[in-house]
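Accompanying notes for the structure given below.
Letters A, B, C, D and E name the chains as they come in the text, with residue numbers starting at 1 for each one.
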Amino acid sequence: QTLRYANQGELKSLDPYTVNETTTHAHLGHPYEGLIRRGKNLEILPGLAEKWEVSADGLTWRFFLRKGVKFHGGEDFTADDVVFSADRSRAPGSNVQTRVPTGAKVVKIDDYTVDFQLPSPNPILHYQWDTWYIMSKKWAEANNSTQPTPANATTPTFASLNANGTGAFKVESHQPGVKTVFKVNENWWNKNPEHNLKEIIFTPIASDATRVAALLSGEVDVIEPVPIQDIQRVNASGNAQVLTGPELRTIFLGMDQARDELLESSVKGKNPFKDVRVRQAFYQAIDIETIKSRVMRGLSTPSPLMIAPELFPSTGFTRAKFDSAAAKKLLADAGYPDGFELGMDCPNDRYVNDGAICQAVVGMLARIGVKVNLNAQPKGQYFAKVLKPGGYKTSFYLLGWTPGTSDAHNVLFDIMGCRDNPASSRGESNVGGYCNKKLDALTDKILVEVDKAKRDAMIRGAFQLSIDDFAYIPLHQQALAWGVSKKVKLPQRADNAVNFQYAIKE
Amino acid sequence: MSMIPPPAAAPSRWSRFRDSDILASFLKSKVTMVAGLVVLLLFLGAAFSPWLAPTNPFDPATVFLADSMIPPAWQDGGEARFILGTDDQGRDLYSAILYGMRVSLVVGGLGCLLAASIGITLGLLAGYLGGRTDAFIMRIADVQLTFPAILIALLIDGVVRGVFPKASREDTAIYVLVISIGLSFWVQYARTIRGSTLIERNKDYVMAARLVGLPAPLIMLRHVLPNVIGPVLVILTINLALAVITEATLSFLGVGLPATQPSLGTLISIGNKYLFSGDWWIVTFPSVTLAALVLAVNLLGDWLRDALNPRLR
Amino acid sequence: MTVPVLSVRDLTVEFMARRGTLRALDAISFDIARGEVLGVVGESGAGKSVTGSAIIGLIDPPGRIAGGEVVLSGERIDNLPPDAMRKVRGKRIGMIFQDPLTSLNPLYRISEQLIETIRTHTDLDAADARKRAIALLDEVGIPAPERRIDGYPHEFSGGMRQRVVIALALCAEPEFIIADEPTTALDVSVQAQIIALIKRLCQERGTSVMLVTHDMGVIAETADRVAVMYAGRIVEIGSVRDVVKQPLHPYAKGLMGAIPSLEGDAERLVQIPGAMPRLQAIPPGCAFNPRCEKAFARCHAERPELVQLGDRQVACHLYDQPQSSRDKAGIAA
Amino acid sequence: MSQGPPERPFVQARDLRRIFDVSKPWLNRVLERAPRQYLKAVDGVSFDIRRGETFALVGESGSGKSTVARMVVGLLPPSDGTVSIAGISMNDVNVAQERQRLRRRIQMIFQDPYASLNPRWRVGRIIAEPIRAFGIVHGEADITGRVGELLTLVGLHPDDAGKFPHEFSGGQRQRIAIARALAANAEFIVCDEPTSALDVSVQAQILNLMRDLQQRFGLTYLFISHNLAVVRHMATRIGVMYLGRLVEVSEGKQLFSHPRHPYTRMLLDAVPDLAMVGKAREGVKGEIPNPISPPSGCTFHPRCPLVFERCRIESPPVIDGVACHAVNQGRIAAA
Amino acid sequence: MLAFILRRLFQSLIVMLSVALIAFAMFRFVGDPVNQIVSIDTPQAQVAEIRRSLGLDDPFLVQFARYIYNAARLEFGVSYQFRLPVISLLGERAPATLELAFCSALFSLAVGIPMGVYTALRRESPLAKLFQAISLVGISLPTFLIGILLIYLFSVTLGWLPSFGRGEVVKIGSWWTTGLLTGSGLKALILPSITLGLFQMTLIMRLVRAEMLEVLRADYIKFARARGLTTRAIHFGHALKNTLVPVITIAGLQLGSIIAFAIITETVFQWPGMGQLFLRSVQNVDIPIMAAYLMLISFLFVSINLAVDLLYALVDPRLRATVGA
């Protein structure tokens, strides 16, 4: 069976280490495999490693590799390939350098055993390894691709136009950004594949309407994403349906709490966001349920936490209540009875209905007297402005975050950590510059704590700190929406990776 | 000596206009009259939108998200408050169209004016001075032509944000659009003006003015300009329509006006998203308004061109 | 009396203007005999060109022939269906326009334009038509026609171009040629050549010509008879000698006197006061009455018809005897 | 030289030359090894105009009449040679101030009355323009008065000042142009084919008007035309131009009774004349040559019936008002 | 002729240099490309290193000079997002865009010219008026909306034509791919070509009409009629040819703008062409692609201009003298 698939994003490179992006990783999951896999429910399953052991001190991880696995090119899969892949993924030009910690030593024990020796314990070492794809050392060497293509290269490496993995599908042809064809790998080590496909044809379709039209007219079998307003239409069409489910990304609002005066505000000489009452007022001004029902058409999960419940249970946490009157009062208490004016930055092509969410927020804040000048912009410009290289030039912004490690520590460290130590990478994505030393201290303990119960308790504590501070205004987890032809059966994974290993087409 | 013509009172401006062929040809063509009426109505609607519109769609405080996606009043689920329904933010579409048209017309109008002033100035200079100035200006025009409006807008938009990172979209978008439209449309004016200036500058009345010793800029301004400005009017009308469409297209590409202050084009590109989902009114009403505007302005432009062309009378 | 080549009777041409109709030609009548050159003079806007266009059937909307008839060699042509009229044009009536530069299509070679015309009206094949074209060019005095024939119009000088235009008009050997100011755009020396050429062709082929011009000198030299037009009417028509030397109509008198001559020593030229009325505002009675020194009551009330006076006809109340002349009016010499 | 009046001539043109560069662009010249090309529109023209007379220039199209006119009024700088009017040089930088004052004394009337009036300006403004520019009369009321006076002078009504040019006929427009010239209190008016766009009857009105004004105000005219009859009617003296040169200068009527240069004769022959009814004339030969590559020697030699060897080589000097070897050598009877 | 071409080539070069300079100057402001290269959690030290290695820290003129030097050797660098040489990315997509532009130009000419001629010759007929009205629709709705409506009608509702992509393509030579030789390729071309060509069609129709009306009033047409030529010969021999001369220039210039406008059509129809690539590059601040695209557009533009001028000279003998010789 041939399955045709269209995605909003494109497959930019076949080199698994140059682009760190969900869509690309998902696609490369067809020809490539990592040492572990994640199952239909994101559970960690053995991949190219059949099993693994962690030493008592947590510093050495031993992986036992699957035997008899061959790359598409015919090369045998051995420990050399793992060591090579570990080096290559940490080489300059790689964008997946965090997969294997910089200080870790990768040691080949024998052909089918590899040790990872860590400088400090890391219980979640392998969490992201489903997208740390193993490449063939021999093939890379033969094709002069032992390094990922650096950004300033003048010629691409062989590996960015060709793939040689161990996965269920081989790359038949690849035109970057236009079309990629995968053929089934008859020699896959897993002799009982769950799919029945012979071929996958992938085309990016950036325009929402066109993508939906292509699904409705039957020109493609699967699309991702379906614009939420079109879900009804697709379901009503009779030949396709929409798979929806919660995504792991949390959409939230951030406030600049670092500067002494906001960049874009009518308030001069002080920063209203330094006052927790203002932050709380903003929080309570937002009617998340209306956003859910109107903007997200019911397809979002309002979130009390800055992390998805799938990654860390939110039981016991609730969102502060929507209450305009209370918000107004808080503002007045803080010394802004007539509100104030400020600028807001927002991407308009990054998250589901991001522009519309921001507009809705603007409206809701207007009702408590805050006049927001919305600056909705394409993601390229948006990120250039608000992230660290742009100097965090924003006062109020909307962002989405999925912890790459699928673990709360990443959230606590990257977006809630203090930015005060320039040498450390802590808080690099903490655009608003929220800072709470107690939280930082907890975060550091969480990293090395191996006991799950203790660790979870610490995480809860840390989150509670941020909630008490109204550090952020978490909004929701947006929904996944995959448009799938009635002819296709496909499980949906919450990390939004569209992988056809489990797809059945009539 | 020859006869002295009997004294005649100079006819008033109005009576001259009344007797002119322009008015007559206007009254002769039904299509043109309808177009004129439509344009007039739309312009008035845009000009008086704050009084005509039941709500102010640009004020977020009066827009309720809960009102979003309400169909037109005559449909099931429609509400009388919102004659033409509401959009995804709960804006009254009727008000939004009125306000949006105002924005569109301002952007289109200012853009065209900018284009016309650049074009006229450069065209006059090129045509009147000739030689190297001419060659230079025409080369600039060539360079300009290689950047179509869309590319220019994309680039300028980027530049403006790069240069004024603090400025928010709402403040700059209008200028970006106006400048982009101005920069991409001026060539046409310059070429037209240059062409007629080349002819005009050799006419004897210019010689006569030079003989009186007037400096070149004055001659250009007082003598040449009034005589070459005619075709510009025609281009202006047609370009106005084009500019409004360009603005709509840029909104579609995400570099148009901010969604909080939607123009007609922004409304269409918002509505475009809901085309498949059955919320047809969001795209339909602004589109119809835009098409009516563009069509009518174009028809008026056509008529004007014919009316101003003495050979066609 | 032989049948005239062209006979125009009460020809009236009107233009629909926004405010009513303009009468550009008001019941004009004249005849042209075989081999005769009729000069037509008159002020700009008098209706000279319209006369030519009406005869050849090229009045474009909003204009139309509102009355009268045009008879070519005994056959009435003003009411022919378009296609039949097309066959008359070029084949039986040739036409030469004022501006030789704009009369030729700049994108086609001279040869193409000639051959196209020849083949439209004759059965010649391409090769013969080309020979014919070369012969024609030779006849109108273009040196080395075999070489020049494949040139484009812009490669020819003004005089040469006008010769080509004449050759084009002669393609089908028409019996009648309308020359609408054929020399106005040319230099004096070239003008003389063209006039000589037209004269020669008439003599050799017996073609009749209606020569429209402003230049009295050209008329005097070329024409056999001359018609003086004023405001869409013929005011005097007669032999050149009579009309030029002893014009009768006050307008014709004024016109002749206004021409500076190479002889004589008039300090002042004769001057007709005022200007020709616009067609919208032709005064009642004689159209010339506001400018006429001799105008009397009748001139303001009654329109003078052409009356026969010897060899010529004049439309002026000074010359018509109201009782006897009406019936005579309009009878050609 | 012809016997000039004892006083200095009002207008003095000496050895005027005007060369236009009509070369192809540089790259073409390099590639085609073509030299620069120059068009000698005016090639060594000298003449005097006395105060109060009408000096006429005749010649075929392209002979350089208009170029001379434009150099005389200062619209075009001469490549070489000088023009001085009332003793003031038109191209000497040292007398710029005086020239500015001189300016108003020189005006021009153009051929095409439809093109010489700015169609967007009211007649009153057109006529007032030189008055304002030269500061001849001050105050709006006075200017309006003066404009009315001028309009009356040229046979129009003062109320016509409120109309636009298109409301006038060609003859009336030419009157307006004349009024404009007079508005500057011009003494010297250059008329470049002022009536060639007009009908004979209107032409008569204009020519008469010009004469009247000349008599009233003692105007001096440089009158350009290719109509010999008109020139004869108007001119005190006549210069005949051929390919940028003045081939003959003669007192008015004398040129017609006793033409000397063969070209003049040819021109006179070519004019169809009322008096010539029915007479056949000898045809004229040839057309004016390409001015970019004029014939060698006497430029008229290819068309000249009296050509002989010397004409092809040597350019004849102007002797006694004629530039012709044949005349100089007495091969044709001089007048 | 040679001199003319050389001169035009020289001018073209200047034009392209200026385009490069302007484009380059603007790029400095459109955003930080490095952001697009790295992921959100890339350490900042590494970001700085990338920035340095790309030469983004160098002074503007150094960057520009380097760029021009490389561009002269047809080295346009590597796309930041794809890590592939820009030249091959554009080369791969150029056939799609050029074919689309060609087809829509063909469509607009093939429909626009006859319609223009018809409406000029039968000015008063109801059909002519209808044509004029219909044609105006082409310019009164934005392209993207027309595209979506066509998709909705012909793909979703009727299911006749594909809604996206190029269909089957065939390789010709080493890099040119064509959809013109396969059924699905041709089918896929229809909707985008119409969408893209509609505007130009309107323009050409109106231009032809106006120009034809003008020409029909010319003296040589009157003279041709006076010579008794057939209406057919006059309309289609004389008038049409003279009409087309100025139309060539405009149509030529329009071809340039067709390519530029293809950006929207390509986006709507997911046409794998350069315009779409460009738009994505703008969104992703992929400067090498943007720069190369603009250079390519200006190159196409100046070549079209040159071709139009030469064609013009070919059609109009009056210009042959000035252009040629």
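The definition used in the following text is that contacts are C-beta pairs under 8 Å (C-beta built on N, C-alpha and C of every residue); 3 or more make two chains touch, one makes a residue touch a chain.
Model, not experiment: these values are computed from the prediction.
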Chain pair with more C-beta contacts, B-E versus B-D: B-E
Most widely separated chain from chain D, with each centre as the mean of CA atoms: A
Chain centre separation (chain A, chain E; CA means) in Å: 38
Between chain D and chain C, distance of the C-alpha-averaged centres to the nearest whole Å: 33
Chain A-chain C separation of Cα centroids, rounded to whole Å: 90
Inter-centroid spacing, chain E versus chain D (mean Cα positions, whole Å): 54
Per-residue overlap in chain A, given as positions that touch at least 2 other chains: 209, 213, 216, 349, 378, 381, 390
Junction residues of chain B - those touching two or more other chains: 2-3, 158, 161, 254, 272, 275-276
For chain C, residues that touch 2 or more chains besides their own: 271, 273
Of all residues in chain B, those that touch chain E in their complex: 139, 142-143, 145-148, 150-151, 154-156, 158-163, 241-242, 245, 248-249, 252-254, 265, 268-269, 272, 275-276, 283, 287, 290-295, 298-299, 302, 305, 311-312
Interfacial residue positions of chain D with respect to chain C in the complex: 60-61, 169-172, 199-205, 207-208, 211, 226-230, 232-233, 253, 256, 266-279, 281, 283-284, 286-288
Residues of chain E touching chain B in the complex: 11, 14-15, 18-19, 22-23, 26-31, 136-137, 139-145, 148, 152, 156, 206, 210, 213-214, 217, 253, 256-257, 260-261, 263-264, 267, 279, 282-283, 294, 297-298, 301-302, 305
Complex contact set, residues of chain A against chain B: 208-209, 212-213, 216, 227, 229-230, 232-233, 263-264, 287, 290-291, 294-295, 343-344, 348-349, 355-356, 359-360, 362-367, 372-378, 381, 385, 390, 393
Contact set on chain C toward chain D in their complex: 43-44, 157, 159-160, 187-193, 195-196, 214-218, 220-222, 240-241, 244-245, 254-263, 265-273, 275
